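Just below sit the structures, each encoded as structure tokens.
Shared chain: chain A. Partners: chain B in the first complex, chain C in the second.
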Partner chain A sequence: MKAVFKYKTLYFMMLPILAYFLIFSFYPLARGLAISFQDYRLIGDRPFIGFDNYLRVLKDPVFWEVFQNTIVIGAGGFIINFFLPLILALSLNEVASAWFKKMTQMIVYLPHLFSWVVVGGMWILLLSPDTGIVNQIIQLFGGQSVGFLSSDRYARTVMILTSGWKEMGYTCIMYLAAIVNINPSLYEAASMDGASRWQKVRYVTVPMLRSTMKVVIMLNVLGILRLFDQIFVMSNGAIAKKVDVIMMYTYQKGILEFSVGPATAAGFLVILATFTLTYVTRAVIRYDEG
Partner chain B sequence: MKSMNKISLPGRLFDTINVLFLLLLVLTMVIPFINTLALAFSSNFASMQPGIVLWPKEFSLEGFSTVWNRMKLYLPFTNNVIVTVVGTLGHVFLSSMAGYVLIQKGLPGKKWMLTAILLTMMIPSEAIMIPLYIVNQDLGLLNTLSSLILSGFVSGFSVILMRNFFLSVPYEMSESARIDGAGDPRIFFTMYLPLASAGLATVTLFEFVSRWNQFTPAVLYINDSSKYTLQIALKSLIVDTDSTSSNFMITTNVRMAGIVIALLPLIIIYPYVQKYFVKGMFVGANKE
Partner chain C sequence: MVSLVKRIKIMSAIMAVSLFGGLLAGCSPNAGSSSTQEGGNAASQAASNAEERTLKIMTGVIGGKTPEENTQFEQEIERLTGIKVTMNKPAADYDQKLLAAIASGEKFDLLQISKEKMSTFIDQGILTPLTDQVNGSKVLSDPNVIPAKEWEQVKTKDGEIYGVFTKYQGGTMPIVRKDWLDKLNLPEPETLDDYYTVLKAFTEQDPDGNGKKDTYGLSTAGMYELQGFFSAAGLKQRYVETADGKLDVPYSTDAAIPVYEWLNKLFEEGILDPNFTTNDTGKMRDLFLADRVGMITYWDAWVGMLNNTRHEQDPNTEFEAKGLPGAADANGNHMLRRGDPDVWVIPVNAEHPKTAFEFIEWWHSEEGITLGSLGIKDVDYTVDNGKFTLTQTGKEHASDHGVPFWYNRNVEAPFGKLPGVQEAQDLVDQYAALEMTPSHWADAEKIINEHSFKAIMGEMPAADAVKKMREALKAGGYID
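Up next, the complex of A and B:
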């Protein structure tokens, strides 16, 4: 007790922070867990109903639709956001001119800075069938105008490609920063052994990027289930069935339809899936190491 | 090193193809922005005409004046500035204070607090959006800017980042200050904060960018259009088709002008951002 008193200023400093986390992290988590087992009504008592909310979600065909969309769009985004930045970083690393390298890096990073409203809004207008620049270019080459965001044939691809466009530069910088830290003597040794440029990339650079790749994989995997802003901005009635993701489902159920119980249950399924995915990914990545 | 490399024909060929590939990529990044800018500065009529626009057609500021004055984008813009500035200042202050407390040696319960904060980083905020909504409702925060300011007022990531910056400050220094009679607040404000200015800059820039772009909380907590922030105002301007049902038609230049206005503050701070982002990524990734 004496020790606690001695540190009272420090505890006092910590108070607002702990209060914040308690009110806005732990309490909602606990409250949400309780709600997910309740028949949550706005007025009146809220009896506990066991796993009913979870069963309702799992029996909802719409849930499985958004689940499938999440997996497809998430996996596509995962692949593109892993390989594109890697190729870009390796290719940038081979450029001799410092200013060109720097300029490219700066430009490619730019879209990461902006919100999905800005980036998505831009692409909605650029992809518009009547006046959008993309369709103007297609027509210039004699093609037919395409309704990229009104036909469900292209909608998912557009989501995946725009997310690659937005995040490529960000991930690329992580790779570049790791490349800078590779010990130059490794390259010298490879040169002594008569390695070509390609061989140096293949046998020195890529293996040395392993730990960065793991970080990128981890971040991207966790991002899959959190997908929300992009879809919220870019989805529309015509393509919703193909692109709406789990977080959209939670939002629509909970906020628009007031079925708070099932919406919260869906949220907890996401948390459960996040932990499972984290665990599996870590296991797989370690396995790779051995 | 360089002189030893013989410039072979395949090598030069590779270099050329490589640079061309990168140029192509740069073009795909740049053209959308140039197109957006060019359309924003075109006249109402010209912006609705098909064509590949890389330079304003019939240069005009109509788009900007319509979106700013007639559609009153200055209101959400002001709200955005308030939320960003107040939220960022609070976030940086609280996160560094937590970081300072969590480097103290021999503080009972420190490990426990650190674990709790790390735990908060594992809960995706999107997954608890409904209970978070209810908490804000119970606190009477719905439809107030305070709800947006409080959302993410501290974050585990920033606490860890500041803590890592503070750990590089020699601990003996604070011990000698303590012997000279300085209290924790004084040591924190006059020694640690100035010495970790690079850390402060990193967290400030991180938070500024994410606050300026803050979207999900605004979608959830704000219904009243007088409390709209820039991002939701833009969403209804660009995306929601029912906004075109008002008495005048929203032309492309107006929409693009809205986008340009939202881009501007970030473009201004961009030169500083990149440098600190890389730094922050690595300091933050090291959780001991």
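Up next, the complex of A and C:
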């Protein structure tokens, strides 16, 4: 208490932040939690029904289908979004021309700035079976046109790769920023020991990126179950069963069917799963150990 | 210190997760409150005669086209009815905003919702039954204002009426390029085989005359509107109730196999637009308008709008869109789809239910229809000696402020209907019926779509696709 009094100005400065989180995060969260235990009607009585909404969701085979889709697409995206930016950053670090390096960085970062409405629409066109450039290239080499977004054989892969394509530049910048901060004397010492370029990358750069990798892993883990925008834009009737994710399920239940109770219960299951996933990941990667 | 850092980090993780949860759950600050709201209706009933003539309305498509025009729309209602109106008309995401508004405790006297949403609201017990008021209304019980059989569309199983039509809702059908038919000397198709001949000719005989093979016979927006072809097998889209009272999906029966095989033939031969799975309706319309496709499956009203759009661009165009009755079955019968109507509903907590009903009656009068179609006097149109003239704004708004078409036979459209619409509407009147959409439709639709697409794209023989579709529907409890 003494410390609080001593640093009262600092605590006072924290108040608006605390108020912000209390009002816009914790209050809705508490309300949402209450709704998930209610037989929710838009108007009128909303009796508490215990875990009925949760049981209804957990017994719904559709929920488990979308859960499986979420895990597959989320895990695929997690892997792609971890390795691709790392490889890109390491490659860019080896590029001698500053102009080329900056240009490449800008090009790969650009998709991150666009919403999924733009990026999704663009990929739908690019992958179109008749006029899409991807299929035109395939046909140029004598291949058959592929319905990338109309066949469930390719749908999940397309979702994973396009997600990787969009976010690669953003994560790459985090790695590049960390690479810039690596002490040059480490490279000098490696050179004196006769290390090749590859050995410098392997034994200096990559180990020094460990902390950044942990941050990237944590950020990606937090996003695994939150997939929505991309699927909402790029899904269609032909592939919905293979790509619809949990957030689409909550959207369907809550907004389209106005079944707010089950939708909120599904939402809290996502929160619980994300919390568990985050906790386990933190423990596995020893996030707190620098 | 280490443990403090650790705690802060854990708190950060919790906050991150909570933020996400907040997004999910933040729509309802009034979640816990409850029973107090239900008293609203009773209070309103008691004060009915002394009710203030004011209304708070939430609508999706009715009103002005811009926020400014929406304000003028409110003023126009007040000028014409004496009712002071506040209209909430979100620019997008209507259902989402409707849910957020109601759940947050905001009270409305009138809501414009689809029939599908109305069923959900009835299940939640949040709508005022209007059966007695409708039956007692001189205006609404007049079959010239709303044909008696139309009420069946909005009646519940026990015969209650909770919603009153906001407009005449048409139906869907195959829409063909009549000028292409004429150019290729083809008759209007009747049977599924005729349709194949026409669509194949559209693909292969260069109907646009540009010397390139760059046209498709048919384009659709997914499985959205294939009723006109399943008509050949006498199969209705979505659900039907069988003679023994069971729920069934006709598209999952063996009778549907030949239609899937026919669609697969179109796909394999490049007659069906290969982008049909990813098309939205806008893309489908654009293809039709851009001479890339000879037939689409869409709403009757769009027959006129498509014709009008091309004629606005080029008054000398030969472009002619025409609605078709769909493929005839073995007995020569056709089956089209009637769209779910939009309705006015009065929530149980409405503060001015009497005025709300008075407004609904007025909405079906000549003044109400003129406002809902042409728009606002001296903004969208002017009247000189009884002669209506559209302003530039009115032309841009295409005589649609939520009511492009109406039931009331006593009210003539001042500018007539766009070319081809009346014929298309006649087909709907003659052949279309409302489809049945149970509450679990969204889940069932995924199964139907998945297997239908596989059959159409040849990833699975149609018979297998139908078999698997049926098994999946049964396993999910979506059919009896």
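The definition used in the following text is that the second predicted complex is superposed on the first by the 260 of 290 C-alpha atoms of A that agree within 3 Å, B and C clash if a C-alpha of one lies under 4 Å from a C-alpha of the other, contacts with A are read in each partner's own complex, and residues count from 1 in each chain.
We take it that contacts are C-beta pairs under 8 Å (C-beta built on N, C-alpha and C of every residue); 3 or more make two chains touch, one makes a residue touch a chain.
For clarity, every value in this text was computed on a predicted model and none was experimentally measured.
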Exercise. Once chain A from each complex is brought into register, does chain C clash with chain B or fit beside it?
Worked result: clash
For this session: Could you tell me if A:Ala189 is touching chain B, chain C, both of them or neither one (first, second, both, neither)?
Result: neither
Problem set entry | Which of chain B and chain C A:Val95 touches, first, second, both or neither | first
Exercise. Given the touch rule stated above, what does A:Val4 touch, chain B (first), chain C (second), both, or neither?
Worked result: first
For this session: State whether A:Ala75 touches chain B only (first), chain C only (second), both chains, or neither.
Result: neither
Exercise. Touching A:Leu29 in the superposition: chain B (first), chain C (second), both, neither?
Worked result: both
Problem set entry | Partner chain(s) touched by A:Arg282 [first = chain B, second = chain C, both, neither] | second
For this session: Figure out whether A:Leu55 sits in contact with chain B (first) or chain C (second), or with both, or with neither.
Result: neither
For this session: Kindly classify A:Val270 by the partners it touches after superposition: chain B alone (first), chain C alone (second), both, or neither?
Result: both
Exercise. Which partner, chain B or chain C, touches the larger number of chain A residues?
Worked result: B
For this session: Check whether A:Phe258 is in contact with chain B, with chain C, with both or with neither, and answer first, second, both or neither.
Result: second
For this session: Superposing the two structures on chain A, identify the stretch of chain B from 127-135, 145-153 or 253-261 that clashes with chain C.
Result: 127-135
Problem set entry | chain C-contacting residues of chain A that also contact chain B | 21, 24-29, 31-32, 35, 124, 130, 222, 226, 236, 250, 254-255, 260, 264, 267-268, 270-271, 274-275
Seminar exercise, completed: As the complex stands, chain A meets chain B at residues 3-4, 7, 9-10, 13-14, 16-18, 20-21, 23-29, 31-32, 35, 88, 91-92, 94-96, 100, 103-111, 113-118, 120-126, 130-131, 133, 136-137, 140, 165, 169, 173-174, 177, 188, 191, 197, 215, 222, 225-226, 228-229, 232-234, 236, 247, 250-251, 254-255, 260, 263-264, 267-268, 270-271, 274-275
Exercise. Across the complex, what residues on chain C touch chain A?
Worked result: 5-6, 9, 13-22, 24-29, 31-32, 34-35, 37-38, 95-96, 99, 102-103, 117, 120-121, 124-126, 222-223, 274-275, 277-278, 347-349, 439, 442-443, 445-447, 449-450, 452-453, 457, 459, 475-476
Exercise. Which of the residues in chain A come into contact with chain C in the complex?
Worked result: 21, 24-29, 31-36, 38, 40-46, 61-62, 124, 128-130, 145, 147, 149-152, 222, 226, 236-241, 244, 250, 252, 254-258, 260, 264, 267-268, 270-271, 274-275, 278-279, 282, 287-288
For this session: Could you please specify the touching residues of chain B with respect to chain A in the complex?
Result: 1, 4, 11, 14-15, 18-19, 21-22, 25-26, 28-33, 35-36, 39, 47-53, 94, 97-98, 100-101, 104, 107-108, 113, 116-117, 120, 122-124, 126-135, 139, 150-151, 153-154, 159, 183-185, 188, 209, 212-216, 219-220, 231-232, 234-235, 238-239, 252, 255-256, 258-259, 262-263, 266, 270, 273-274, 277-278, 281-282, 285
